[in-house]
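Shared chain: subunit A. Partners: subunit B in the first complex, subunit C in the second.
Let's look at the complex of A and B:
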């Protein structure tokens, strides 16, 4: 087929226009701003080179302190959310796979339904479940004659509330990824394993897991990225507290830009956060898909 | 055989218990919305002792100006549908152009598209807010709809699909004298329907659920999306009344739940082909 370059380009043009306007320009603008002293109200205050980055990375100023605090909090959340969101999701998927026909579809829908609830609705529900004074969980605890707990004002309870909301909200999504992967596993492999007298654990470890390993790594990677982007839950449920212990990176970047009026510093923080995320993803990818695996 | 039947019953019982845990927050939301304020902050009962529709009545009368939930629902529906349509049109055209047509520098474009997918959204979102502010377009529908069309995921998905798809039919249509747009519409589009359906659902949910972006670009009560509106209620003075809070959350959530149940099979099929959460 001989097709004119003009027709081909015209078809590509709408997308290209949107991409340049709403991705390329903001990307370059953010990069540019991060090398400048730049306030939201006053605009460009001059080129400062890597100064913003250096101040974030060297101790002894508030930007360093707030960024590092938020990075620590965010990494902490990434770590505590990983097992529930990945391993529990796989367990749910395995449970569902072993349930017959119509019930399987029913349970799959129930476990996945919370994904249709928006992050702010999830936060509204869980905030009122966990609120210290008048919250439902404390009402129930008191009903049993137990002491109520200041969930949102004390650690580790504040993280428990954020984690509960997040797991409830997103575990179903990961479970579906695993269910779809498990559906693809070749049944004849299980039959062969059964003939060899393998028990349930051996079948899982030698047949199931190697077959879904790619999806497992994929789910781990997207879960880490999602947890890294923690924002709505801690903004609404814990408001970053107690004592800034649930301030996430996104919250700190937003604060630096809008409350501290420092767009240059906030842009540098966003780019650093991006670099850290790309790095972590790359490491997971390399570990997950090592060639020398004995699988 | 008897053994496995027993195991299956146990598994179903376990799954039922877990289901109750999963469904509990939604039930709690539903029943709390029918409780009066005094009961909702003190009761350990799930079901209301005194059923009342007072929360809903207040939402649609006293609070109608500060919390116009139906307007928020309309906004969310409008931008989710408009944004999804825009993404599908631009991405399909672009992917078709790269995969099948004679686009100059297509390798470079494909490289940029894939490279951009590795850049986390946080790097883009704040500068893009200031771009819109400088254009004087904050608090309009423009920033709520247009930026989603810069999404590269769809181009990548459709391109990957087309690359592995035979082009015999398209060539036959070309020989019969059809032009590119006709071929795209009558030959290519029917065959890429599954991936387009998936992309639509994923994009729709992404826009519907987006929080940080619409929070940044909207100020006035009537421009908010449901997601942002509910956040404002959580942070606002009304929050002292869980019954009313849950009534507004319920109204905001029910349409999405209905769509979800209706489109469930597309979600289930769709999620594996993307990395979106």
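Let's look at the complex of A and C:
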């Protein structure tokens, strides 16, 4: 069916419209606000140029300290969450791909269903599991004659609790993406590889991975972005503690805007966070394409 | 391309026109105002009572609405009600006492003395502790509703009497530990309600946290370090509390008592918020004891937060003010305000306090808590109190509670840091 340019343009219009209304305008408005002294209740207190950005990036004030602390925490979480959320998801998908049909559907559903649970419920469950005094995990440890661990008020245990909750909650989404990608791999390639005497690892490395590499890069990028937006788990499970060590960038931005009533500073923080995310995503893209060229 | 651009602009214009009808009415959902109140003056009353106490306030509001036709109080119970108040239009708002300085400085609330006068009330109608909560330089910025102080719950099965002193706690813990190494007198959390502990210890040790210029919280005081070190001693020296209880640990350790062989540390006493009353009452039943908090420092004193009813700065209309006065007159009748006490809150209104005293069996928790009003010490009135004390809550106290080997020098360094943050926050106050 041939669609005229007019019709195709009209079909594109709703997306463009909502993109402008709900992304472009808020983004530009946020950028504008970030150059002003702006409070939630009082509104615009005047143009301050780059002052907000300079304060965030200059040591010796609370905005710098809190932003850098949160940036460090967030990057740490991005790093520790990447392997479990991407590699484990891929392993799960491979496992599911290699089990019989009916079981495949069952396990695919089981692993994905946690993604439908709200962050509040997930956090409540994991907070109960990891509570130091009388929590389920510690009770199990004590059952084996081991000492209790202060999971939520000591590091690195607090990160382990947050990571466990995040992996349990979201790994199913990445897994589904990999399962779909694996379904698309041409079976004849596996047959050919087998005829050539390739073992399981060689089949994966030379057939499977190159075939799903695009999806792998995509999953890695969306996982980094999702981990960067860490908020609900640390807010509800650790409340940013112990000693602000799980305070994420989003938590600090939210606190700056609503608790400190400083929309200008919070917007500047959000813009900086966006710039950092774009930079990291760009690097990932470039690495992904470079590998493509080498392949 | 021109067509595309024109189409985009046209669609945007249509959508924007549809979104903005030119009338910024934020009365809330019109369906919430019943038909019979269509001609009434609607008073938008915002609060954060989204927990169990919300139903009790709603009952008072409903009773007022049923009692007359001229005014209709449209109540909004919102979890993020401070943000709602900053960005929306409301006439009345329930605030915490520690926030009055901030919201008055930001020009969001106005003195409410005119309303008090209209109703025929004055601050003499409240417990004297109320003056420190609502009295600012320019007047009274709220009508006192209640104080929710640090409260002692104890397990009568384990101890017949609530401990009254630090020595009592030491003795109780030793006695309990002799029988069961998992039993302690009480629990110290490392976050959560820790602000109540900090300010109570400061008050009990006669430490004034207000800086000399009255703008910020000055934590960098040796006397405060001494007072807070009591928490460290309670855990690592006198074995009153187990270590590592974490967020809301004082409550969870107390609740362990009723959960059988859970493997966790258990406490006989909890110094916690009165809002846990329903939970501990359900768990303990007749074995639950309620008492004033023990003296941990040099003198008897207690801190707690409070609720006050404030008037939005935007309210000028005479009819609206008359309606608010009518609602306040109704609310501050013992038979009505006792509904609020039924939620477990302790009103500051003296006539209602007398009513509670006459009906102790119905209001055991408010009665107990109003006994502590004479020893109540309010938080210093500073701009952005919650933000000024945040570093203490999130970092300093946690280190005292968690780190057995913390030194006094390290503590003083952290208190200096906390003061620095408080000063920076104070500097964000709008020019007066």
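Everything that follows uses one rule, which is that the second predicted complex is superposed on the first by the 265 of 295 C-alpha atoms of A that agree within 3 Å, B and C clash if a C-alpha of one lies under 4 Å from a C-alpha of the other, contacts with A are read in each partner's own complex, and residues count from 1 in each chain.
As a convention for this text, a residue touches a chain if its C-beta (ideal position, glycine included) is under 8 Å from a C-beta of that chain, and two chains touch if they have at least 3 such contacts.
The structure presented is a predicted model; accordingly, all values stated were derived computationally and were not measured.
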Next on the checklist: Let me test your reading of the model: by the given contact rule, A:79 touches which partner, first (subunit B), second (subunit C), both or neither?
Outcome noted: neither
Item to check | Which of subunit B and subunit C A:283 touches, first, second, both or neither | outcome: neither
Checklist entry - Comparing subunit C with subunit B, which touches more residues belonging to subunit A? => result B
Item to check | Partner chain(s) touched by A:21 [first = subunit B, second = subunit C, both, neither] | outcome: both
Item to check | Touching partner for A:146 - first (subunit B), second (subunit C), both, neither | outcome: neither
Checklist entry - After lining up the shared chain so the two structures overlap, which partner does A:96 touch, if you call subunit B first and subunit C second: first, second, both or neither? => result first
Checklist entry - After lining up the shared chain so the two structures overlap, which partner does A:54 touch, if you call subunit B first and subunit C second: first, second, both or neither? => result neither
Next on the checklist: By the touch definition at the top of the document, which applies to A:134: first (subunit B), second (subunit C), both, or neither?
Outcome noted: both
Checklist entry - Touch check for A:9: first (subunit B), second (subunit C), both, or neither? => result both
Checklist entry - Is A:261 touching the first partner subunit B, the second partner subunit C, both, or neither of them? => result second
Item to check | Residues of subunit A at both interfaces, subunit B in one complex, subunit C in the other | outcome: 9, 12, 14, 16, 21, 40, 131, 133-134, 139, 142-143
Checklist outcome for this item: Interface with subunit A, subunit B side, in the complex: residues 7-8, 11-12, 14-15, 18-19, 22-23, 25-26, 28-29, 32, 40-44, 86, 89-91, 93-94, 96-98, 101-104, 109, 116, 118-128, 130-131, 146-147, 149-150, 152, 155, 170-171, 174, 180, 205, 208-209, 211-212, 226-228, 230-231, 233-235, 242, 245-246, 249, 252-253, 256-257, 259-261, 264, 267-269, 271-272, 275-277
Item to check | Footprint of subunit A on subunit C - complex, ascending | outcome: 3-4, 7-8, 11-12, 15, 80, 82-83, 86-87, 102, 106-108, 187, 190-192, 242, 244-247, 249, 252-253, 256, 259, 262-265, 384, 386-387, 390, 394-395, 398-399, 402, 420-421, 424-425, 428, 430
Checklist entry - Inside the complex, what are the residues of subunit A that reach subunit C? => result 6, 9-10, 12-14, 16-17, 20-21, 39-42, 61-62, 131-135, 138-139, 142-143, 148, 150, 152-154, 238-244, 258-262
Next on the checklist: Residue numbers of subunit A touching subunit B in their complex, please.
Outcome noted: 1-5, 7-9, 11-12, 14-16, 18-19, 21-23, 25-27, 29-30, 33, 40, 92, 95-96, 98-100, 103, 107-121, 123-129, 131, 133-134, 136, 139-140, 142-143, 168, 170, 172-173, 176-177, 179-181, 215, 218, 221-223, 225-226, 228-229, 231-232, 235-236, 249-250, 253-254, 257, 263, 266-267, 270-271, 273-274, 277-278, 281
